[in-house]
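Structures given as structure tokens follow.
Across the two complexes that follow, subunit A remains constant while its partner is subunit B and subsequently subunit C.
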Partner chain A sequence: QLRRCKPLHWPSLPAQRKYMRSPLIPEMATQEVQLNETLAHLKTESETLKTKLEEERAKLHDVELHQVAEKVEALGQFVMKTRRTLKGHGNKVLCMDWCKDKRRIVSSSQDGKVIVWDAFTTNKEHAVTMPCTWVMACAYAPSGCAVACGGLDNKCSVYPLSLDKNENLAAKKKSVAMHTNYLSACSFTNSDMQILTSSGDGTCALWDVESGQLLQSFHGHAADVLCLDLAPSETGNTFVSGGCDKKANVWDMRSGQCIQSFETHESDINSVRYYPSGDAFASGSDDATCRLYDLRADREVAIYSKESIIFGVSSVDFSLSGRLLFGGYNDYTINVWDVLKGTRVSILFGHENRVSTLRVSPDGTAFCTGSWDHTLRIWA
Partner chain B sequence: MTINTLAKGGLQPEQMSCFRKMEKVLVAMQDPDMGMKMRNQRLLITVIPHAMTGHDIITWLIQKYHICEEEALHLGEMLVKYGYIYPLKEPRCLVLRPDESPYRFQTPYFWTSTRWPASELDYAIYLAKKNIRKQGELVEYEKERYSLLHKRINHTWDFVVMQAREQLRASKQRRKADRIVLECQEQAYWLINRPPPGVQNMLDWGLERPNNFSTRVPLIETSRRALGRNRVKSSICLEGFVKYSEQYQNHDPIMQGCLPSNPWISDDIAYWTMNSEIVPVPTRLRVERWSFSFMELLSDAMGRREFMTYLEKEFSAENLHFWQECEEIRHGESSKIIEKVEDVYKNFLAPGAARWVNIDSKTMDKTLEGIKRPHRFVMDDAQMHIYFLMKKDSYPRYLKSDLYKNMLAKAVVPQETKKSVFPFMRRQRHSSPSPAQAGAPAAEEDGRAGTNSAAGSHF
Partner chain C sequence: MTSNSNLSNMRRLVEQLQLEASVERIKVSQAAAELQQYCLQNAGKDALLVGVPTGSNPFREPRSCAVV
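Let's look at the complex of A and B:
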């Protein structure tokens, strides 16, 4: 049951999206019975394999992270404050990304506006109005010369940034990605020429910006894909995605194959982010926990949770050294975790509604949060 | 209080799990042994039982969850905002006051999760009761909604009024204390499910997620492959995290601060200026980082430049050039691939090429074969071979070389900038040229914060 009662005076929910439903294929009675038996058989096989996999993973798990971290010096008192507040969006801020110049950011909002700011001076430098509401994804190009964004339009579009104040940015817009459901996340790869996207249609895809051509698609999630992050590896060929199927999948960008999969969260995974070395990644979920998955050990190695933390995590990111994990939560707070010891180091207040997005700056001097309270904050 | 025709459908799993967790807290708070101490609360002339003060709530939360006062206040406030605890004084204001203000637990009957979704009919009956009970009790926005409802569900209006009258009659037979409590409970419920204009809608959960689970069975192939993969012992992997964090700790501005100062805190961009892509003298930390891994060296423009200089001395600069060209192919436009592959072949792979790279014959053969039908990843094997060659051979030698050691020796360690003696004197925040005008002359230095900036929030 997907619809809920619309109360009076409520702004109407955005236009409904097309859903992908498996069509009912009318079958002869006997064929249907056979099909069900095969499915049941396959399901059992799948379950058996899964159990075996967990056993194999457990065999090499000889120590816990916090045990290894006992010898590490504990962190001292933590003081971080809001250093900038960026006001200008007229509705919920949904996503943001940093420019490589360490001070500019792009942010997108429910009302369709995408704004480029110099967060240091708090000046707005560019603004674009998208033809759709709920712009859930935005990304800054590595060159700093363009931004990509998308949402309920099911597309990812690239806007070259022009410094001519009279120029309408929307005029040079380039439609790059096309999905069959909302765009949940997008990221440029190592250059301005390729974009990786994830979508409510359950897939991720890699696109050539210039031609709009689909270079590779990634199938494997059983429901909406909500987030993705590119691996900072030497060979730079993998990325991780998280979805409503509670799975985090690691993909090979060349072959399109899912090379690793983790399913330990109890609810939707809203955010995934690689540990700076690329050997692990963290995830944040509606189940109010953040988790750390080690790629070489092929398992979850830490859970960051507290009984008093009830609301889901919308967004996570590491500090530069990977020692700290910042999580933006749906209860308006930011929790700071000691990645090694597993303890919560600090809780930050300030936003007046959900924190929907959180990114550490490229040089690690600060992190930025965006919230449903229409503002963005820089913390340092 | 009225006929309920509620469907559970519509509450997403995320919402349900949050409600359930808050309800667990509620239950713990009402535990006879470990729960909160209740008391009677005097409201004018009536005594309301089972009340607690805001202060008590916060104290209990602090003790139960081992959190600080600010966090306890925040958590308690969530419980109030979601309607699990309501105030007896100033009932229209769903705020948790950390003082002697009285609060009560909401009855499960009126939990949002129990009565989801709130029905228009019930709201109409509620407003009707208020209207009948006392003239002028309806606030402006309630009057508007009342008349709108009247139009929308006009066909059942008789029923609405009848129900309202019935409920009012029934409540008159209750003790005054109970009546007050019931009214408070019901009001709190509606404040959340039909918030007044301008008040945050706590039940706004954003976009629904279709959660269109496919009926496909989880991939067996993936599981089989996963079973076969090589895994590393946890003790080895986890030790890696400790080492990495240790190595980078001094480079982590949030952990250790940065010299001369963090621009976001001091408003001084010296840190960024000193660490620009190309500077006459790099900082010591930056040069140190080049020794952490080959990737660190290559990702830094200056590092790469230094490394190139070193390779030139060793007559193996073609390796780095080759690697860079391959990166261009991998990450560049699809349309330029063929042309770039041809160039790379001509310059680096063809027999007698000007900058011939030394690749093992197997890789060379495979690459040459692949070049016949060039694609984005055709150079991958060759590129990796050269990458690891540099990493295992040239890179360690570079780190031991005089070139690197000298760079490290003359690298600058910035002085810490003390915060201004006059803290109220705000530094001018200089703007910087936008990367979007790459190549254009630097923009005018804007000495003042822009006209559309928010007021400085940190002084």
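Let's look at the complex of A and C:
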């Protein structure tokens, strides 16, 4: 309970306040002192809660994931190589997404181009030039009939894909999301009707595609939000976001509430991805590590790092069973990690500049990377 | 008044921390066991992990060229 400040305390206001401002009514001075007391009290309470949170999490930390996994058979040698190279972007590839049909891909680039490819044949099926450069986000609609993209224009726009390759896609463009800073990531929910976005303005937001209406906004990050991922549909209405504040936040999509928060990375979190069961998620950061956070244990349960890896991770994704974690790095490589044992099982070379984006195909038969070397590669 | 917005920010922070502190948690040993179980149960379907019979991974096929 807060102690009420007696009016007699008004003469004990810090000296500078007397000269900066004379309260019109003595009660206002009292309110100010009450305010300061309340603030101090709240600050103490928040410190206490933070400590309690750490203690509660620590109590359940009875073992490490890799210890539990000691008896699991080690993985053998991997033969994964580039099976397709998609050439056509004129500048850095910044983002890509798979279509549910497991063969089409949408990618976006620094030069403003958004291209839809058939990854089997490497043919380009559609191309759109955005009115802005640095298209940092793109996503395929679940129906396969539209793509969403955005970047420095602070917006997320949806382009219906026409069967007529000669049709000008830009003509049917629909502006859906409006942020006050760059769009860093976007994703359709389980239908073509709603889009989730994250932005340099520090927020995430859920939008209705048809009307462009803001359905829910998510406040809590203290800096740019760089990435997001929706929970697998079976697990319910949550998503995870990562930001420049080094935090990964898990959100309830209906209430807008942040339900869990993790702050163990030492730098910006560039990528977050749910484990296939929905019980955990991985993150990749500029601190050169990938980490695994279990949602039911409410803590970090693994770090994927090596002393020799000093460049930031731009993008992460799991293989279908969740056993492998693929990380695209700023040193042009892809590191493949054994999620359970915490060891690296493979390192893949091929790109001639940073790997900026990485996604496993919907049926897990391949994964695609995009790079600052202007190309995309399909690996299997 | 800035002090009022600081106050409401602090109140929100305390509420948020109270919410996060009240989350129900399980032991890491149990969580880890379940993650492991999921991996092992689904390993057979994971093409990148175990590979698939030749011919059934479209990306491992050389792409066909159409002469137009």
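Here is the rule we use: the second predicted complex is superposed on the first by the 333 of 380 C-alpha atoms of A that agree within 3 Å, B and C clash if a C-alpha of one lies under 4 Å from a C-alpha of the other, contacts with A are read in each partner's own complex, and residues count from 1 in each chain.
Methods note: a residue touches a chain if its C-beta (ideal position, glycine included) is under 8 Å from a C-beta of that chain, and two chains touch if they have at least 3 such contacts.
Treat the numbers as computed from the prediction; the structure is a model and nothing was measured.
J.: Contacts for A:L86 in the overlay, against subunit B (first) and subunit C (second): which applies, first, second, both or neither?
T.: first
J.: Going by the contact rule set out at the top, does A:L60 touch subunit B (first), subunit C (second), both, or neither?
T.: After superposition on chain A, A:L60 lies in contact with both partners, subunit B and subunit C.
J.: Does subunit A have more residues touched by subunit B or by subunit C?
T.: Of the two chains, more subunit A residues are contacted by B.
J.: Once chain A of both complexes is superposed, is A:L340 in touch with subunit B (first), subunit C (second), both, or neither?
T.: In the superposition, A:L340 contacts both subunit B and subunit C.
J.: Touch test for A:K100: subunit B only (first), subunit C only (second), both, or neither?
T.: The first partner, subunit B, only.
J.: Considering only the touch criterion stated at the top, classify A:G328 as touching first (subunit B), second (subunit C), both, or neither.
T.: A:G328 sits against neither subunit B nor subunit C.
J.: Of the partners subunit B and subunit C, which touch A:L35 in the superposed model: first, second, both, neither?
T.: The answer is second: A:L35 touches subunit C but not subunit B.
J.: Answer with first, second, both or neither: which of subunit B and subunit C does A:G150 touch in the superposed model?
T.: neither
J.: List the residues of subunit A that touch subunit B in one complex and subunit C in the other.
T.: 39, 42-43, 45-46, 49-50, 52-53, 56-57, 60-65, 68-69, 72, 75, 80, 83-84, 103, 120-122, 220, 258-261, 275-277, 279-280, 294, 296-299, 301, 319-324, 339-340, 360, 363-367, 378, 380
J.: Taking the touch rule as given, give the residues of subunit C at its contact with subunit A in the complex, in rising order.
T.: 3-4, 6-7, 10-11, 13-14, 16-21, 23, 25-36, 38-43, 45-49, 52, 57-60, 63-64
J.: Can you list the subunit B residues touching subunit A in their complex?
T.: Checking each residue of subunit B against subunit A gives 7, 9-11, 13-14, 17-18, 21-22, 25, 61, 65, 67-68, 70-71, 74-75, 78, 117-120, 123, 145, 148-149, 152, 193-194, 197, 200-201, 204, 206-220, 222-227, 229, 231-242, 244-249, 251-255, 258, 262-265, 269, 271-272, 275, 294-295, 327, 330-335, 376-377, 380, 384, 387, 391, 429-432, 434-438, 440, 446, 449-450, 452-454, 457-458.
J.: Using the touch definition up top, name the residues of subunit A that touch subunit C in the complex.
T.: Result: residues 32, 35-36, 38-39, 42-43, 45-46, 49-50, 52-53, 56-57, 60-65, 68-69, 72, 75, 80, 83-84, 103, 119-122, 220, 257-261, 275-277, 279-280, 294, 296-299, 301, 319-324, 339-340, 360, 363-367, 378, 380 of subunit A touch subunit C.
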